[in-house]
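Naming follows writing order (A, B, C and D), and every chain is counted from residue 1.
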Amino acid sequence: MSGVQGDLINLHDMEGAARERLPPMIFGYYASGSHDEITLRENRAAYERIALRPRVLANVSERDLSTTLLGASLPAPILIAPMAFQRLAHPDGELATARAAARAGWGMILSTLSTTPVEEVSAATNAPLWFQLYVFKDREMTRALVERAERAGCSALVLTVDTPVLGRRERDVRNHFHLPADVSIAHTMPGGMQKLPEVDDDSGLAAHAHSMLDAAVTWRDIDWLRSFTTLPVLLKGILRADDARLAVENGVAGIIVSNHGGRQLDTAVASIRALPEIAQAVAGEVEILVDGGIRRGTDIVKALALGARAVLLGRPVLWGLALNGEEGVTLVMEMLRDELDLAMALCGCRSIGELGADLIASGG
Amino acid sequence: MSGVQGDLINLHDMEGAARERLPPMIFGYYASGSHDEITLRENRAAYERIALRPRVLANVSERDLSTTLLGASLPAPILIAPMAFQRLAHPDGELATARAAARAGWGMILSTLSTTPVEEVSAATNAPLWFQLYVFKDREMTRALVERAERAGCSALVLTVDTPVLGRRERDVRNHFHLPADVSIAHTMPGGMQKLPEVDDDSGLAAHAHSMLDAAVTWRDIDWLRSFTTLPVLLKGILRADDARLAVENGVAGIIVSNHGGRQLDTAVASIRALPEIAQAVAGEVEILVDGGIRRGTDIVKALALGARAVLLGRPVLWGLALNGEEGVTLVMEMLRDELDLAMALCGCRSIGELGADLIASGG
Amino acid sequence: MSGVQGDLINLHDMEGAARERLPPMIFGYYASGSHDEITLRENRAAYERIALRPRVLANVSERDLSTTLLGASLPAPILIAPMAFQRLAHPDGELATARAAARAGWGMILSTLSTTPVEEVSAATNAPLWFQLYVFKDREMTRALVERAERAGCSALVLTVDTPVLGRRERDVRNHFHLPADVSIAHTMPGGMQKLPEVDDDSGLAAHAHSMLDAAVTWRDIDWLRSFTTLPVLLKGILRADDARLAVENGVAGIIVSNHGGRQLDTAVASIRALPEIAQAVAGEVEILVDGGIRRGTDIVKALALGARAVLLGRPVLWGLALNGEEGVTLVMEMLRDELDLAMALCGCRSIGELGADLIASGG
Amino acid sequence: MSGVQGDLINLHDMEGAARERLPPMIFGYYASGSHDEITLRENRAAYERIALRPRVLANVSERDLSTTLLGASLPAPILIAPMAFQRLAHPDGELATARAAARAGWGMILSTLSTTPVEEVSAATNAPLWFQLYVFKDREMTRALVERAERAGCSALVLTVDTPVLGRRERDVRNHFHLPADVSIAHTMPGGMQKLPEVDDDSGLAAHAHSMLDAAVTWRDIDWLRSFTTLPVLLKGILRADDARLAVENGVAGIIVSNHGGRQLDTAVASIRALPEIAQAVAGEVEILVDGGIRRGTDIVKALALGARAVLLGRPVLWGLALNGEEGVTLVMEMLRDELDLAMALCGCRSIGELGADLIASGG
C-alpha cells in the first residue's frame, strides 16, 4: 500500500479501496446496515448537518489530544470499536489491530466474535484492552468467557445491550454470509460452534445469533455480571435518557451511545442525535462514549462538544486492516487523529477539555 | 416462486417482482396514486423520517404480537386492506387472499368491488372478515349489499368516506384502465354492471364510479346505515381531528386514518402525520387504524406508538397475490409480521401494549 | 390536437407538448424566470409542500365554483393572467384567448404588450376584461393608453408594480429574444415602437423595457392614475404586508400577490408563502388574488384557503394557445376548473366560500 | 474573450469558462474547499435559501450603490478579497487586478502571498488598497512586512485569524499543489522562501504554511500589531458573536465574517448564517464585512440586509483574471455591480442605506 498511500488521504478513500479489495460477501458484511439502511445513512448525515462555530486567536500552537477513560490514559479520544471476524479482512485479523493499538497506545475493544483468542490479542498490546460481551443463553459459558477475558488482562467489559436478537442485514441474507474455511470463531461458543452455519436463505450469522443470544437479558443481569467480575462494565447500545439513568443506577462504569452502526433497529435515531439527552441525564456520573458515522476529525469535535468523552471507530479500522494489516490500521487511526488535531486547532481548542457545546451552531 | 423466494426478502422485492410479472395496465392500477402522486410518496417518506428510540434490557425473549380489534383476536395488528379487483392480480383473486387470511387468522376487509362474491370469500376464512362499503346513489342497492354482507358472515362494515367522487389516477387514464374479459365485478352494481366501461379518454373505473357513487353522503347516512344493520361501522378515510370527533359522536366503532393510499386527494396529508391529532381527539373512545405507506415492521411500531391499534396492509398483499396466490399473500403477511416481531424485540417491547409514544424521537 | 388530446391530461402535459412545438427562443421567453430561476421553482415547490386536511361526509354532490371579483361573476376563481406577445404562441394570439374566455365567461387580463389591439380583444369577449398597465416614462402616452383601454370596455386596471426595471431573464439574453417579422406590438409605444430591438448581447425586451418603463413610479402615481380614470385599480406584484396596507390606503380595489412568475427579482419569496401575511394585513378590505406556480386544482384550494379570492393562470394558458389556439386555451382552463371541482369535492367543500384555513396542515 | 463575452453573462459562466481554461492543479487550488467541502457548498446554498421581500412603488429611477468603508468611498459595497498567487491565473496577476480596481475605484485587499510586490500593486491603483496579513512565527519579519505595506500606501491591515494552521484542501494534496517555475512569492517569506516546496504526498502550500504560520497567535497580538502600525486593523475569519465582541474590545476597525471560503474548518457555519449574531453583538461599533458564496447581486442585498456594510468577492475575480486579465476582472466586478443595481431597484431600494432586515423573509 505504501505505493498507493499518497492517494489514500481520508477515510472515504480507505473505504473505496477496501471495496475494491474485499470479496463482496465480506465487504457487504462489514459495510451494510439493517433493512433499508436508513440509520446507517443517518448516522453519517447527522454529523454533516451539524455546523461548527470555531474560535479564533486562542494560541493553538500546542494541542493536547490525550484524555483518560476509566482512569487509563489514551493518546486521543478514539477507541477501536469491537468488530467481529477480523480475519475476514486480513490474515492477521485481531492481532494486527492489537499491534497497531499497541504501537500508539490506542484503546481497543475485542469482540466476543473474535477470530483470535483473547489471550493472544492481549499479549499483543499493552494499551487498554476491553472485552465486548454478549449474554448467551448458556449463562455458564458467558461467565466462563468473562473470566477468561479478565484473566487474559482485559480491563473492562463492554456489554452490548442492543442485540437481544440480531438485526436483519439484508445484504448478508442475499449473500448467504458465512465464514470461509480458513476463518473460525476463536472463543468457545454454545455447542462448541466455531463456524457460522451455511444456510440457504439467510445469513449464517443470523442463524448463529438466533441460537446463541439470550433475548431474555434484563437490567438484573448487570448485577449478575458484576457478581463474578470486578471489571468495570460499560453498556453499548443506549439511545435514550431513561435507559442511561437505569444504567447509572445499575452501577455501570460507562455508556456507549450507539445504534450498532445502523445494523440493528433500522430507523433508530442517529447516535449523535441521541447523545445530548443522554449526556444531560447522566450529568457526568459515568463516562459516555459514542459511535456510528464518525469519518472526520470534526465529527469527534462534535461528539465531544455534545457530551461524549471519546468515540469508537469501527468500519474504517476494518478498511485499514483489509488494505494493509497493522500498517493499515495505524494509517486509519493516524488519519483520524491528525484530522482531530487539525479540527481542534481550527476550532481554537488546545485540549480535549475545551471542546464545549458553544462550538455547535444552533438550528443545525 | 419457491425457487426465487430466497431473493424476495422484503416487501420492496415483492413489488419489484410484481412489476415484472403484471401487465402495465394492472400494475399501474394497483401502484399508482392520484395526480402527481405526492401523497403516495409522502405516505412512505413520512415513515422513513420518523426516528425510533429503542429500549434495552427488557427481556424480549417472548414477544406477543396478538391483539384484538372490535373484540376479535388477531395474531398481529395487521389487517388486509380492502382492495378492488383482486382477480386482476391472480386467477384465484379474493379467494386466495381469504385462504391466506384463514391459514393464519389474519383479518381481512373485502372490497365492494370484489371479483369474488362475498359468500365465497366468507366461506374461505373463519378469521375476521369485514366488508368495505361505498354508498351508492341507489340506496336500496346499498342496503341490499350490506344485508348480503351481513348474511354472509361479515363482522363489521368499513364505510369509505374519502370517495364521494373518484380521485384522478392519471396512470389509469393514460392506460384506459378496464377489466379484461375474464374478470367481472361479483356484486350487484347499479344497472347490473359487471364490467368497467371501456372509454377512450379516461379510466373505466372513473366512469363507473361517477355513475355509481353518491357524492351526497353525509354524517346523517351513518344513522341510516346503522338503522338496518347491527354490524359495527368503521369509517375509512378520516384525516382530521374534528371529523374523528364527529365519527365518535355518530356512533362509529372505529376510525381508519387513511388517504386511500394516495389515490384520492393528492397532497392530502400523509396518514401517519394525521394520526396523532386524531388519536388525541378520540382519546380511546373508539379503535383507530391507519393505512398508507406501511412497508416495514418498524412502520407498524410507529403507527401503534402514535395511537393506532392496528394497521391495514394494501398494495404489498396484491404483490404477493400476483406472484403466488395464496402462498404469496402468506409470504407477504409473514414477512411483515416477522419484521414487526423483530422490531418489537429491538425496541424492547414484549407486547403490543408496550408500544408507546416514548419510542418516537422528537423533531424527526 | 384532437388526435393527441387523450394524451394531454394535465397542465404538465401541455407544457411538455408546447416545448416540442414552439421554437426555443419563444418557449424560453415564456417558460423562463430571472437569473437562477430559484423563485420560478419555489413558486411551484411551495405549493407541493403544503398538505391538505380534507373533510368527509359533507354532501358534495353539487359543487358551485362560481365567485365574484369586483362585483362581476366568474364561473370559477381563475383569471387569465396578463401575458405579453401572445401571437408568438399562435397566429390568433390574444384574440384566441379572448374567444376562449368569452365562451366560458373566464375573466381575462390583457397585457399592455399585447400583439392585438385592445379594441379587437374587447370585441371578442363579453366576460370581464381587465387591462394590465405599466407606467411609461411618457406619462401622456400612459394616460392615453388607459383612456383607450377604458373606452374599449375594460372594466379594471391592473398596474404592475414589480417592474420598475425588467428582471434579467438569462435565457432571453442568450437567445437574443426579439419579435419575429410577423409579430408587432399593437398599442402605441414610446417612440412609436412596434418591435423589440434586436440587440447583439441582450434580450430585445430588456432593451425595450429600459427605454420605456418609468422606474420613478411611486405610491403617488396611484392618485395620478385615479385622477383620470374611474376604473378600479388593482396592484400586481405585492409581496409584503406593509405594501399591501399602503395599497389599501391608496384606494386600490385589489391586490395581486405575485412575483411576476419568478421573472423579476430572483429569490423573491414564493407568492403562496407571501399570501398569508398579506391576507391578514388586508383583513378583507379589498380583494386579493395570487399567481405563480399554479398547476393543479389543489393549488387553487390552497390559495383560497390562505386568503386569496381567485388566482391568475399564466404560462399554461400560453401552452394551450400554442397547441391549439382558442381550443387549447379552453382545454387548459377546463382542465384546471375540473381539477378544482374535484379537489373541492374531495376536500368536502361545496362552494368557494367553504375553502378555509382549516384545510391546511400545519408544519407544511 | 470579447468574441465569447456574449455567452458569459453571469459569474457561474465565468467559473465554467475558467475551469476549461486553467490547468486542473490551478483551477483545483482556487475552487476547492477543505475536506468534504461541506462549508464550501453551504456558503452558497445558504444564500439560495434566503427569500427576499421586495418593496414596490419606491421611485428607484436613480440608485446609488456607493458607500464608504473606514471612511473611504467605494463605488459599490464590493471589495476584491485577498487571494494568493494571482499570477497562477494570468501572467499579469495582481497587477491586472489592481488596474481593474483602479479603473472603477474598487477596493482591493492584497494577499501576503502575492506574486507581485505590494509596491507595484499599490502603484497601479489609487483606489483603497488594504494588505492581508498572516502572523508568522518570525515576528520581526511580520513586522517588516507590515511596515513595508504601510510604506507602500496600503490603508488598512486585514489580519486573517482563521488560519493558525492551514485547512486541508484535499484537491491540493492529490494534485501536489506547487508553484510553477515562472511564479514566485513576491514578499520576503521566512527563510527567504519564494516557492512552495514540492512534496510527494501533500500540498506544497500546506508544507509552506506549516513552517511559516504562527499558531500561537492570540488576542494580545492585536495589541502588538497596533504597537507598530497606525493602520486600522480588521480581523478576517470571525464566525461567533463572542469573538466579535473580543475584536471590538481589542480595538479593531472592522470584522470580516468569513470561513475562508470553506477552505479552513470544514462544516464551519456558513458565513451568512453567522452574520446576524455578529451584527447584533457588534451593534454598529465597528464595520462588518462578509465573504463566502456571493455570486449574485441579491446575495449582496441579503448580506447588507443582515448587517454587513460590504462584501468581499473572491473566486469570481480569479475566473475573470484567468479569462482576460484586467478586462476579465472588470467584467466580473461590473456583472456583480449591475446585478446589485438591478436587485436594489427590484427591492425598492435607492441607496445602500435602505437595505434593511425587513427585506428578509422569515423561516427561509
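The definition used in the following text is that contacts are C-beta pairs under 8 Å (C-beta built on N, C-alpha and C of every residue); 3 or more make two chains touch, one makes a residue touch a chain.
Since this is a predicted model, take the numbers as computed values, not measurements.
Visitor: From chain B, how many touching-chain steps at minimum until you land on chain D?
Guide: Minimum number of steps from chain B to chain D: 2.
Visitor: What's the chain with its C-alpha centre farthest out from chain D?
Guide: Computed centres place B farthest from chain D.
Visitor: Would you kindly give the rotation angle relating chain C to chain D, two copies of one sequence, based on a CA superposition and rounded to a multiple of 5 degrees?
Guide: Nearest-5 rotation angle for the superposition: 90 degrees.
Visitor: Taking all residue numbers at the chain B to chain C contact, is the shared part over half or under half, that is, same or different?
Guide: different
Visitor: Which whole number of Å gives the spacing of the CA centres of chain A and chain B?
Guide: A distance of 42 Å separates the two centres.
Visitor: Quick one: report the Å distance separating chain A from chain C, using the average Cα coordinate of each chain.
Guide: 60
Visitor: Considering chain C alone, which of its residues make contact with at least two other chains?
Guide: Within chain C, no residue touches at least two other chains.
Visitor: Graph of touching chains, which shape: line, ring, star, complete, other?
Guide: ring
Visitor: Write out all the pairs of touching chains, ordered by chain label.
Guide: The set of touching chain pairs is A-B, A-D, B-C, C-D.
Visitor: Quick check on the complex: what are the chain A residues that touch chain B?
Guide: 35-36, 38, 42, 161-162, 164-165, 167-168, 170, 173-174, 200-201, 214-219, 221-222, 235, 237-240, 242-243, 246, 264-270, 273-274
Visitor: Within their complex, state which residues of chain A touch chain D.
Guide: Checking each residue of chain A against chain D gives 5-7, 9-10, 12, 47-48, 50-61, 296, 298, 339, 342-343, 345-348, 358, 361.
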